[in-house]
Structures are given as structure tokens and as C-alpha cells.
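What follows is a set of structures for review.
Here chain A shows up in two complexes: once beside chain B, once beside chain C.
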Partner chain A sequence: MSDTLRPNSSDDNQGAQPLYVPIKRRSFFMYAGATAGATALLLTGCKDDDDSSIDAKTTVDVGVGDVGVLNYAYALEQLEAAFYAEVLKGGYFTGLAPAAAERQIFADIALHEQIHADFFKTALAGNAIKALTPNFSAINFGDRTSVLTSARAFEDLGVAAYNGAGRFITDPKFLVVAGKIVSVEARHAAIIRDLITPNSFVANDVIDFSTTSATARQERSKLPAEVLAVANTFLAESSKVSAKSLV
Partner chain B sequence: MKLLSLLDRLSTADAPAAAAPRRDLLHRLGQAGARAAVAALPLAAALPAQAAPTDTTLDAILLLLKLEDMLVALYTQALASPALAGAAQAAVRPDFERMLRHQQGHAQFYRTTLLTAGLTPPAAPRFDFSGRRNNAGNPELFPNVLNDYNAFLQLAQQLEDASASIYLNQVAAFATDRQLRDVVLRTQLVEARHASHVRTLRRTATASVAVKSWPSNADVVPSPAVVVPSPAGASTPPVSIYSFEANEVQLVSATTAVPFLAVLTGATAVQFVALSEAFDEPLPTAQANALLNIFG
Partner chain C sequence: MNFFNIINKLSEVDPDVMGRLDTRRSVFNSLNTVSKRAAMASAPAFLAAFFSKAYAGTSAGDPKEIFNYALTLEYLEADFYNKMIASPFFATASALDQAAIRQISKHETAHVNLLKTVVSGIGGTPVTPVTFKAATFASLTSFAKQLEVAQLLEDTGVRAYKGRAGDLQGINDVTITGVGTINPLQAALQIHSVEARHAAHVRFMRGQTPWISGNGDLDNQEHYKGAIPESTITQSGVNLTTGLGTPYTATDAQASFDEILTVAEVLAPSRAGGLVGA
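And then the complex of A and B:
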């Protein structure tokens, strides 16, 4: 990919030089991420067409505008779909009785998440980010508690992510589609929470219980940077996701 | 609409664009262009069933306020009635007390929004969940809702599902107002969590009913069902609110459907019911108003 990188005279600067030397690109990237100032250097040193080339190996940026928001959603749906696909293969799920309610619930959610991921992939077409490689080494798929608490984390994260990203959407068509999907994510989050503790479907950690604040009795939201910091802990080194423009 | 013309007068006599956010809201609420902008949404072109969202933001707020008032009334009345007051329901009372607090918070938000925009919020109607419209001479559409836990749950499920769907459709009316839109989106999710929970309660009740936590074509169909006018017109019989949920086709443009059958393979080989389960669907404004008018 490095052969597609090229000097850009107008933005040329010392900090960007290593970009043209493939062998040092990784070390430059680590350096650039170390401080905000250096990150700015990276951004000014790379034109749009350069970004994808660099990001392909080290990290994945979702892009700008509505495409950025949809890719952001696609990344999270990919992660969720991969998680539930692993759940279906793990000892906790395979050990459930054939008629167990939890078996039906996880089988259904796995399908929903795969459908969501496929929806975004199709909607984004050529603009879609690559297929991400997850890293679920922190999750014990043979253990009910580990699976349920991880599922709760993914679902609540997904809902908070949509809440925090809605403001970046400009095309109302995407707003409604995202709403149709996140509405089902909220239903997932509620049942997973109820499986852990009955009547915890909207505990105080997901709803702002203030009666006076501007967000009283609404779902909490998280900005992309907060969400991705968590999501990236479940992604392989080659698949770390960033959303530099969604701030 | 009286309120709207009042609003128009207020907004034309109003201060500069840099005024306080609430005044800004008032200005935007009264924008004459809002109607046209909403009607021109690409989604409207893509989905004929939702092709006529002619609401302004104010219409949407009034609709959502009535919806929240209805849910407040449902839980207030049920908590004071045999449906939830019996010893057998002691374990689930906190669930409904919690949902009631949410709905009260939502209703209060819309009232405050209207008040700060200089409007007098309408009082909550006197809701009647028997379907008799406060007239004992009318036929009882939903018997025993306040006397029987299972009858109550069945209606609560339909109204919470409808609430999530009504919100989804109204989101478009807030397209130009990001602050309000943010609130509406987030409130919608609380309604979706409620709906999921009520469905879970039905499934786990002593008299268990086979419903999933999301609307599914595999659900046991509610009877009596809450019905609304068919989108096909007045000459067609009314339809269940779940007829909108049954949609299995998702469009990525006006004419292109996502080919799920082609992309879903292997371990997650497609099951048709999952296609409609995976998306909650909007309930159009005409149907939403008709639903609210059944009860108040």
C-alpha cells in the first residue's frame, strides 16, 4: 500500500517525511499518536487519498460525514455480529437446553446483528470499511456470566453510540434507518439486562435519572471517541477503529 | 391550527437569530418551510406507506405529548387497580412504577418545551383503556385491562411497541432541530426498552404468552388487537399495528432493497422472521393519531 503514498509539496513537512519510507511508517504512526500535536501533524501531512492507504494496515478510520457515521455504525455492528457468532459456538450456548429461552434469545440476536452489519455493508457499498478482525480473548464463552456481561456491555455501548452519533447525521433517511436499528438494539439491551437481573432493563447507569437536567429521563449517550476506546479493546491490532472527523 | 398561527405571529415579531436557544426553537417551530422540508425527505419517496408526513415540529411535539400522557395514564390507572394492586403482582409493581416515572419525565419535557416557547400545553385528556371513550354505552373494546394482569400486559405491550414505532416516525419532523432531535431519539430508546421489558414480563408470567422481546412474525397475535386505519385507505378494513412491523424489506435507496438472502449464509443462514425482527418500523402519523384517539 505504501507505494500509493506520495509527497504532497504544499503540505510537506518534516513530520510527514517518514510516510514516504515504508519501513518506518509504523514507528511514525506510533509517534504521531503519542501527542495531540503530532496527531495534527499526521492529519495535515496526509491528504484524503493518503489516509486510507496508511490506515489499511495500522488502523481504520470511518471517514467523514454521513459515510463516516454509517461506517462507525458498521464497525460496531461487525463487532456485535462477531461476538454473537462466537457466543453460538461457545460452551455456554451449546450447553443450554434445546427449549431454553436463552437459546432462542441469543440465536435471534446473532441473526439480527448479522443482518444489521449486512445492511450497512450494502448501504455503504464501495465506501465501506474493511471486515474487522475481533479479539475476544478477554471473554470466556463457556461461562454464562462472562457472556451476559459482555453482551450487556456491547448492547449498551451500541445504544449509547447511536445516541452520540445521531447529531452527525445530515441525511434524514439515514436518521430513520439508524433509528429502526438502534430501537432493536435497545430491546436487546433490555432483555440481556433482565437476564442478568430482573427489572434492570433501564437501570440508572443507562438513563439520566435527574429530573432537572436537559437530558432528564433519557438514555445516556457517548461520543465516538469514548465508544471506540472501548470497542478497540475487542479488536485486533490490525483493526483498531478511529473516527477522527466525528468530534 | 390555532396554536400554529399564534406561533407564526410570535416568531415574526421575534428577536434576532442569535437569541437564546429556546427562542431559536420557537422560531424554528414556526418556520413555514418546515412542512415542505419534511415532505421532501428521501425516505418519503422511498416508502409509500410513509409518504405523507406533513407534520411540523409542533404537530410532532403535541402528538408525542399525548402519547406520553396516555402511557402515564395507563400505568397510573393500572397501579391503582386490581391489575397491578393484587398480592400476585407485588413483584412487578416496581417495574411499572419505574416506567411510570420515565413517562412522567418525558411528558414533563414536552410541556416545558411548549411553555418555554410561549405556548400553553394542552391538559392530558381523560384516557379510557376499555375503549369505551368514557361512555358506558359504547362497546368495550379491551375488557378487563384494569382488572386482569394478563389483559393489562397485553394492552401495555401493544401500546409500548406502538410508542417506539410512533417515535420512529416522528423523528423526521425534528430533522432541522438537532437539539430536540437528540432528545427525541434518546427518548425513543427508553420506549423501546419498555416495550422489550413488557414483552419479557408476558413471556415469563405465570400465564406465559409466546412473545419475543422484539416484535416478531412468530409472536402470538394479541386479541383483542389495537387496530388502526389501513394505509391502503378508508375502504379497507383496519389493520393491527404489527402489520407495519412485519416488513421484511429494507431499502438503501428509493428502489434498491438490501439482498439479505444473498449475504446471509453459513452459520447464520437466513430465517425469514429475523429480517423483520431486526428492524423496528415507524408507525405513520395518521395511524398514530388514530391509535391515540381510541383511548383519549
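And then the complex of A and C:
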């Protein structure tokens, strides 16, 4: 189950990422003028070149600039909120004892994600993307393992997404808002992981376990294209999302 | 020229000045030396040096100062966990809890080493290591008591990193020999979320909600207060309990967003600042 939620390529890409990822759009022109940037420029290329998985069927683009980033977050929060709403209706959750810690944890998280989604919808107002239609047919909401591994995948994906998108935000206010949310998503991720395997709140699939690299013991980030390739597998054909400007 | 009058005047226009002057570790250290020299030096020269120290790096966007601030907090955390592991009470914890603390300890030590390299790599001088005050640690006479402080340190760390994210915005990538290319904002965010995972786990170890719901046994401590307290329910002008169409409780509203602490707030004696010492 968990394997289907994780992009196969994410770990393989990790090592190569710094070569072409860190050049922000905004700094592109600065690099263009500097000889030192020549190599980076070549590697960066001029166009998004690997979004083949999301173009043909994509019907919703998040837009450009800060609105684009906020809509990107809104899309992910919608997906999470919809997932937990289904969890609360499913046999796994309804079968939990009233006083079970897992019941309280899922009930709380469901509310947090709904608040996040409603907050972005309100904040974006007329700029908000449409309400997305999820497709959770791959998840068995009556099965604890299926629910927990899916929750883990959504939460880890959310943290990686926020961390990877921070650099696209230009208004400091929005960066702080994203920061306020991402740490709560990390708290969710940690507890879900602990429910699956005690003490797995941080493990080497989400943290770089190197102690000497540039990302030593830091959480692994994902760029919007990587995140959406996964997120889109849980969205209906009419609701596939792209973030063409966030590269 | 009366030095303290000047501080008072300055505090009228900058209420934070005392925070800048007495809580920033590097300033504090240099202050002693500068004060001694001042007895012999001319007052104007002294004051110029003094204020340039107090305000150095506090403007947005000096990554050297920001990463040294992060390094200070990581030193404090790393030393705290080293003390915890060396404590006689450590053996009283379950094997699982011991493993968790060892795991967190390794992360904090790795963060220290990385941040030291980063500060040096961008042309700065890493701050002098700080330690967790021995007398305070000695007063924590059980694993459970130590874990309370671990929770406060982790939750404060999350708030501290969050408080500086805006200052790292738009700063170009830096390439550090032997380490690689670092985007300062992204690196800080990536450490920030690891701290949040630590905080959640420590809270859970203590039987608390992993998020700051406001009804935990420590949630009313100073570490959760400040100019923008964790009890905040309004985000970007939107009241989350009444302004979202669906009503939500204040508990869920506050738990769904974590809040920042400023540098002065983090380093105040009532929070991390009070835990630093010999």
C-alpha cells in the first residue's frame, strides 16, 4: 500500500537534485549574467521538461506567484481533509474504542486539515482553485494498515511539499503562514508514524541520515511537480492538479 | 554622557533594545570585553562599537546571524540531551524511550555540526558553544522531569526557526566546499520540520497531544506564550473559530497552527535564555 503512495523516483533523485533544483526562477536572471552560473544554467535548462505525468490530464493549474503557492497548498489540504473525512466514516475508525488514543488522534487531525483547507479557501477567496474531487479507491478505509500507511504518506508528502515550496513564496506573511502549518503537518506525520512503528517519528525515508551532507539530518523536501505526481493519483480525472509556474 | 540614559532613550523608540543587548549570546559575551575596554576608551567610540554589536545582524537577511542563532539553540539542545543520556535517571527509562532520546540527540548534534559548517562557509564565525545550565539540570530529578524540559526545548525550537524564516527569504543559494549547495531558507525549513517531529514525539512520550492544543500540562508555560501566543485563533485576519463558514473550537483552531517566537522572546530568561549557563 505505502509503496503506491510514494513516488518511486524520489529517493533516486535526491542525490542529483542540488544540481538543478536550487536555481530559483527569481535568481535565474542573476545567474544568467554570471559566468559562475553557466554550468548551473545549462543544467537548469529553460523549460520545465519532466511534467509529462501531469499535463495531458491536468485540468486545474494552481496559477502563478504567491497565489499559485497558496493554491498548491490549498489543493494538498483539500486532499488531506477529504482523506480524513473518509477515515472518520470508515470501519477502522468507527470500530475504535471511544477512549482509544488513535480515535482522538484521527479526530483531531481531521479537524486540523479541514481548518487548513477552509482557511486557504477563505484567504484565497476569488483566486481559489475549485473544490477538488478525490479518488480514494486504492485505500481500504476499513483496514488499519491501509488507513495508517495512507495517512503517513499524505502527511510526509505534505511536509515535503511545504518545505520545498517555501522558496517560491515572495510575501513574508505567506511564508510565515506556511511555516505555521508545516510544523503541525510534521507533528501529524510523527504521530502517525509512531502509531505504525514506535519511534519511527523520524526515519531515513523522510530525513537525510547523513551527518555530513548539506542536508544532514534534515527533512527531505519535494518540489511541486514531484508532489503533484503523487497527489494526482488520489484525485479524479476532472481534478488533476498542476503547478506549471512553480519550477 | 550617561550610558544608561542612552539605553533608556533608545528603549523608548525600540522597546526591544534590552532584549538585543542582554539576551543575544554573542552580544552578551562581547559586552563584557567591550565594557572593560570602555573604562579606558573614549565614550563615543565605545558607544559606536556597542550599538553596532547590539544591532549587528538583527536586520532581516543576515544569514550569518540567523544561522548562529539557530546554532546557539542547537548547542543548547544537544548539550541537554547529552546530559540526559549521561544522567543516572536515563537507565530508568524504557528501552524505547531511551532509543528515542538517543535518536533525537544524534539529530541535534548533526544540526550543530552542519550549522557550524554553514556559518563558517558563508564567512561568519560560529558562536561559542553554549551549555544547558548544570544547576537547572541537577534539579531535574527524574527522567520524567527531564522530558518536560525536552518538550519545552523542542516546542521552543520549532517556534524559533519559524520566527526567522522570513529573514532568510530570497537569500541566494550558497555553495560550501566539502558540503554542497544550500538554500538557506530551505535548510532552515527542513530543520524546522524535524524539530516539530521531535516535539510531537516527546509530547506523545509524555502522554500529551502531539500538537499544542492548549490543555496540556505544560501548555500554559511561558514557552507557549509571547506576543503571538500558541493560543492564537486568528490567522491572516481570519478568525478560525467563526470566520470559515464551519464553526471550529478554539482548541482545534490553535492546534492547527503553530506560532512564532522572536529572537528576544526565545532568549528571554523565562524561555531558552534562562536555561543557558555553565
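Worth a mention:
Assume the second predicted complex is superposed on the first by the 189 of 247 C-alpha atoms of A that agree within 3 Å, B and C clash if a C-alpha of one lies under 4 Å from a C-alpha of the other, contacts with A are read in each partner's own complex, and residues count from 1 in each chain.
Operating definition for what follows: a residue touches a chain if its C-beta (ideal position, glycine included) is under 8 Å from a C-beta of that chain, and two chains touch if they have at least 3 such contacts.
Just so it is clear, the model here is predicted, and its values are computed rather than measured.
Chain B and chain C, once both complexes are superposed via chain A, clash. Shared-chain residue A:229: touches no atom of chain B or chain C.
In the superposition on chain A, A:131 makes contact with neither chain B nor chain C. In the superposed pair of complexes, A:100 makes contact with neither chain B nor chain C.
After overlaying the two complexes on the shared chain, residue contacts for A:88 are found with chain B alone; chain C is out of touch. In the superposition on chain A, the residues of chain A contacted by chain B and by chain C overlap at 104-105, 108, 111-112, 114-116, 118-119, 121-123, 159, 162-163, 166-167, 172-173, 175-177, 179-184, 186-191, 194, 199, 201-202, 207, 211, 214-219, 221. Contact residues of chain A toward chain C in the complex are 18, 22-24, 26-27, 30, 104-105, 108, 111-112, 114-116, 118-119, 121-123, 159, 162-164, 166-167, 169-170, 172-173, 175-177, 179-191, 194, 198-199, 201-202, 207, 211-221. Chain C makes touch with chain A in their complex at residues 96, 99-100, 103, 106-107, 109-111, 113-114, 158, 161-162, 165-166, 169-170, 172-173, 176, 179-183, 185-187, 189-201, 204, 209-211, 213, 235-236, 238, 240, 243-246, 248, 252-253, 255-260. Residues 85, 88, 101, 104-105, 108, 110-112, 114-116, 118-119, 121-123, 159, 162-163, 166-167, 171-173, 175-177, 179-184, 186-191, 194, 199, 201-202, 206-207, 211, 214-219, 221 of chain A are the ones touching chain B in the complex. Residues 41-43, 46, 92, 94-95, 98, 101-102, 105-106, 108-109, 164, 167-168, 171-172, 175, 178, 181-183, 185-190, 192-197, 200, 203, 212-214, 216, 250, 252, 258-260, 263-264, 267-268, 270-271, 274-275, 277-282 of chain B touch chain A in their complex.
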